[in-house]
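Both complexes below contain subunit A, partnered by subunit B and then by subunit C.
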Partner chain A sequence: MSYITGPEIVKYACTCGLLKPLPELYFCRHCSQIRCSFCLCHAVDSFFCGKCSENIPSAEARHKKNRCANCVICPSCQQELSTRVASKGPINPDDAKSAVKKSYYLSCHFCHWTSRDVGIPDQPSATGCWPERENVHINRLQEVLDVYQDIMLSQQQQKENSKKKRGKFVSYTDRTGVTASALRRRIGIPDIPHAKIKKPKPLDPAIAKSEVEELPEDIFTEPLKLMEITTIDQRLMQPESQPLTVDKLFPIHKQLTIKRSLRCRTCEHNVCKPEYNPTSVKFKIQLFAYYYIPEIRFVTVEPLRAGQTSELIIKFTNPTQHQTTITIFDLDLEEQEKYVEEQKLFDIIDNFEQAMSLEEKQQLSLPSLVMSSGSQPSSMYSLQSRQPSVIVKPRKINQAVNCNVAIPESTFILPPRDDAAEYDDSSDVHNIEDDPKLVKWRKSNKAFIKLAVTPAADLKIDDEVVCGFTMQHIYTNVIPAIVENMPHKYDHKVRVFFRLGKIVGSE
Partner chain B sequence: MSTYQSLSSEKLTVVLDIGSAFTRFGFTTDFAPRYIIRSEVRCKKTNKLRKICDYDSADDLYDMLVELIHIIYFKYALISPKDRPIVIVESLLCPTLFRETLAKVLFLQYEVSSILVLPSHLVALASLANDTGLVVDVGYKEAVVIPVCHGLPILQAWQALPLGGEHIHSHLKSLLSSSNTGIQNLPENFLEDIKVRCCFVTKSSRVEQLEGGKPEYAPPPDVVYPYAGTESILVTGKVREKTFEILYEEDNDHLCLSTMILDAILKVNMDLRQKLAENLVLIGGTVMTLGFKARLKEELQKQLNNDRYKVLNIHEFKFHTLPCKENYAAWLGGAIYGATEFLSMKAISKDFYLREKHLPDWINLKDINNTVSRTL
Partner chain C sequence: MQRNNIKVIPGALVCEESKLRGDITIGAGTIIHPNASIIAEAGPIIIGENCLIEEQVKIIHRLPFDQQNKDTTPVLIIGSHNVFEVDCTVEAPKIGNHNVFESKCFVGNKVTVSNGCIIGAGCKVTEEQILKENICIFGSNCQMRECIDKPAVSTRKQLLLI
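Then we have the complex of A and B:
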């Protein structure tokens, strides 16, 4: 587990230039590129409540303001509240038949807050129609909003009318006398565009008062009861009322959670799509890099001394069903920079922007279309249901390397993953001829590799040592649809960085 | 009515007001933000919370905003930002770097269809249905006063001073460390809670007693505030009373919160001064403190006797009471504007942004010339 949550020792460079550990990366099979959450397009897939695991349709979620109708959380400590039964004794104790009347209240197991503390009466049903607080200003605000909406609507229509009148040419329908407005004009009635337009009714503006709320006198004499005053977090949990004292805290409906799907911005294919059912942890589409890119784990390294060569042992694992060959190359950061430069297909020369040093260097997926569309938005845009994505600008890898890795001359092979091999002791025989200088040991689809690393000579004690190399592996494409026009197997390169540890003193 | 509107997905537009301390967001047609969250993101390298406003460079800000907006959309708002409009409420004095980076994040990273940028001081008046008012925004970083006359912010009369939550927190911190031995680095969230729960803005008559060391001055009761589990901090009555005093301490230029307001009135046309003085609107989180309005009124009256403000010929100040909490007043204005056709008429579309490569701004001469030529 510490491998997942612990310090990030081995990091892979995403196509966009960010460094992330392998479990956080995705691999788009259609573009054969590594992607990460930064350069993918996120979309909300389905809503569910994290407590009762109930799936909620999006229309209902919107209606309920993205909150679960049944689950409530504590306004004091934000933990989930549970419903408790308070049974009142039978109304008539002598009569054995009379049923025990049950009533329910809410209680927090964590901070012992109960709905009785704030005077909410016990409810007769367990699901409880807990009383909701209304905004006291809602009528006035609705009135204000309606008036503003009317004003803007009439303004918009006026604008449209003035546009119509400006037209030099009489439209064809006008000449034939078909339209109502042409008829009106002929018989001399002023042109009324829409009967619907009503003049916005005037609204009385709020009146300012010279009297203001005075500071209560007892604040200077009464001791402050700290336990009765809410903290700022408790207040902001209920933005509408923002209660100042604890007795005005009301239970809050639990916020819904979502499942997200991720889409590649270049090819518009999904790289991750969860299953609809909230209780299911499976995915419909899961193109995690973990399943496609050989995993590298750090095994051990000799004590690191500035300028001296140490032996580094790392473990390679092949997660795919296909044999792959791994070659280690020099970490060519300049090449990556070149790639980043290439992506900036159109640079915008704009004096103001350059002065602000905020120039946009974006490659659009359809640059020619956007540029040619000029002042008029292309009609193609409106026809498409989805707009083409804007590709996130790749950036230079922001990681300094201060340790040299001796690049091995030979390559090595990783056999395909075989789940059965784990239980099979006899099959530990390989017909692979390895370079003994490179491969230390191997078992099924794993290989332990020896590398010589030399930290830079000018490092001081306790400096962090970072090294890196480019790993090339053979990626086997298995999607039938695109196998025809793409090579079945090809080399895929990925830059890998290691945090080896700190420089220790000399012996 | 509003129920059916919120059901249709097209109407669902996020209104965002990124303040320096808190970010308010919700949807148009709502009358309160859904959430008010801290404008902080966790730094990936150091694993510490960082405030958005403490950015080092444009790239750093870009990354932080990507993170914040991701949290807002996918943890709280729960809608996909792609191809939807968004309403941004921001101060007229918002740095160009910040608003350009925000636009870049929204258009390029989150692919919103259009952005409607609204000036916070102007829209704060929307919930009052009033078109003239002197808007005083006391936030976290600074206090900004901008008069709005007949729906137009009078920018030449703007006043701003670094008087806000941040300044008050540092003052409270020094007050607390001087009265409690051995307590040095109190975290800001803790100071904020002490400020909100214990401190208040006192009356000016008591300040005279306090400073003059008069015998009739009796400090308010002390508070023992729990700290770090087992320890506790003594918040003395004097500290409770004195924390907010820095808002009215005149600096070397003889400027404080009350003079800012009067200076702003002084800078507008003579005919409007009386009307502005009778339409004071206070917004921002700091003005919600107990006794803030009463003290501000006292201080304004006191300053009127000053020779500098004799020419004003104002005798009375009137304050508006907002139909909402002050800390989301500007957000509410944005939600009201965003719920009207204004959104479709004035929003900056993605096509426009990709063509022009920047967000139009009042300070940019190029945009001003463009709008002038367009109207001609």
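Then we have the complex of A and C:
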């Protein structure tokens, strides 16, 4: 685990220009590009409670304010509370046969907080309908919420009205493009304002007071009892009441957890899709870069001295079922800059073309417009060009490199991954001819590579040394939809950065 | 070399593999698991009734540096119904009744433990203080809170073990 959570020594550059360690990256098989969580479209798949693993529909989750109805957490330490049995004596002590009366209370195994601490009475049933705390400001909050809802409705209507006036080619923001008023027009009913929508009633504004309650006199004289005062965390867990003292801490409903799916913004294919069942930790689709891009791990480096060449050893691992050839190129950050500029240019051209085509369409559809005098084409147009998400523009890689890597002239081969190889000692023979200057050692799908690195001459002691190169590997595409018969192979390049460590003093 | 002087009151269960050094008295009903070490370095240790001392527990009677070289030999009295869970280190000079020392906790030799306290798993308490009754220390930041009543685990746990 320390490898995943540990220091980020080797970082890969995402297509969008951000640097991330390999386990945090995804690989879109359809675009054959690396994607990171910033350039993917996130969508909530399902809500569930992490304790009882109950799946909760999104409407219900919203209604319950994204909290589980049954599970509660400790207000003192935010761990999950468990129900405990407290058996009181028999109901009538004289009759030996009478059943023992059981009662239940909540207790935290971690900080030993119990529901008895704050005087919540024990419940007769284990599932416990624990008393809910009423928010003292509920009426006011409801009022404010209602008013905002009204404002929202009236604004929506206004927008529709204004669209009707302007008429032509404004695409609806609604995803469907078919709103109530558009439908009315389509079936030929005159568009009348919705009867239900009234003008929002203005709310009584909150009044600012300059007079506040005086501090109690004993505040400076009484010794502070830290045991009785809640911490900031405890207060913020209960935003409605924000209790000042520990005797007002009440159990909190557990917040729901989500499962999310990730989608490539460019091709709209799913990159990561979990299984719906909350108890399952598996994925339906999991295109993690870890499964497609050769993994590079830092092995060792000689002490780094400014201007002197040191030997760096790194390990390459091929995670795929296909043999790959790795070539190391210069980092060439200028190329990336160019790419960024190009993308910007494309964007401008795209926008321009879009604007042109829009105008053309406008001109084309003008006659029909005059006849139908409705905004039907606009809604049709909006239906066609459904752009689901904003495409993240690539940016410059923001990482300075202060160490030169001698680019090797030869390439090397990584054999495919073989799960059985670990248990098989005999198959350690390779028929691969390696450049002994480059490959130090290899085993199954791994190869240890020797590189010469030279930190810049102007570095001082304790300066962080960062080097990088472009790795090219052969990516084998195996999607049947794209490939007909033969696996389709092509070169994929990725920029890799290393934090080698600090400059040490002279010998 | 100090001579070992160990008194075990009938009813106690002391495993042979446990490491006992110095003058130690063990009360009735107390269970000492194998590989627990009790070291009476500065003076005798008296352990009360129905205590549970689990594996790898270290109870060390060691005085702070500023209190050494005194004529009187202090006695470490550990009360009844205390639970020392696996791999905790306790050097407290005085321990009351009904305390729970959870796994891998550390109590320094300047901390006096009264009654009904719970030192949470992994918590380190070293600052000079007297823990009030029913104090519970928990979490990675050693948060402190006051419980309403004594922890009721000790007797049940022992019953399970026997």
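FYI, the second predicted complex is superposed on the first by the 371 of 507 C-alpha atoms of A that agree within 3 Å, B and C clash if a C-alpha of one lies under 4 Å from a C-alpha of the other, contacts with A are read in each partner's own complex, and residues count from 1 in each chain.
Heads up, the rule we're going with is that a contact is a pair of C-beta atoms (placed from the backbone, for glycine too) under 8 Å apart; a residue touches a chain by one contact, two chains touch by 3 or more.
Everything numeric here is computed off the predicted structure, so don't read it as measured data.
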First, second, both or neither for A:P205, with subunit B first and subunit C second: first
Touched partner set for A:I120, first subunit B, second subunit C, both or neither: neither
Partner with the higher number of touched subunit A residues, subunit C or subunit B: B
Which of subunit B and subunit C A:I285 touches, first, second, both or neither: neither
Touching partner for A:C41 - first (subunit B), second (subunit C), both, neither: first
Touched partner set for A:C267, first subunit B, second subunit C, both or neither: neither
First (subunit B), second (subunit C), both or neither touched by A:C52: neither
Contacts on subunit A seen with subunit B and repeated with subunit C across the two complexes: 226, 231
Residues of subunit B that touch subunit A when the two form their complex: 1-3, 6-7, 9, 12, 22, 24, 29, 31-37, 58-59, 66, 70, 73-74, 76-80, 82-83, 96-97, 100-101, 104, 107-109, 111, 113, 126-131, 192-193, 196-198, 200-203, 206, 218, 220-221, 223-225, 240, 278-280, 288, 290-291, 293-295, 297, 316-321, 323-325, 327-328, 332, 336-337, 339-342, 345, 349-351, 354-355, 357-358, 364, 366
In the complex, subunit A residues that touch subunit C: 76-77, 110-114, 116-117, 226-228, 231, 246
Touching residues on subunit A, where the partner in the complex is subunit B: 38, 41-44, 47, 58-59, 61-63, 65-66, 135, 137-138, 140-142, 144-145, 147-149, 151-153, 155-156, 203-206, 208-210, 212-216, 219-224, 226, 229-232, 235-236, 239-240, 242, 255-256, 258, 260, 348, 350, 352-353, 356-360, 362, 364, 370, 373-375, 377, 381, 386-387, 389-390, 392-393, 395
Contact set on subunit C toward subunit A in their complex: 118, 120, 136, 138-139, 143-148, 151
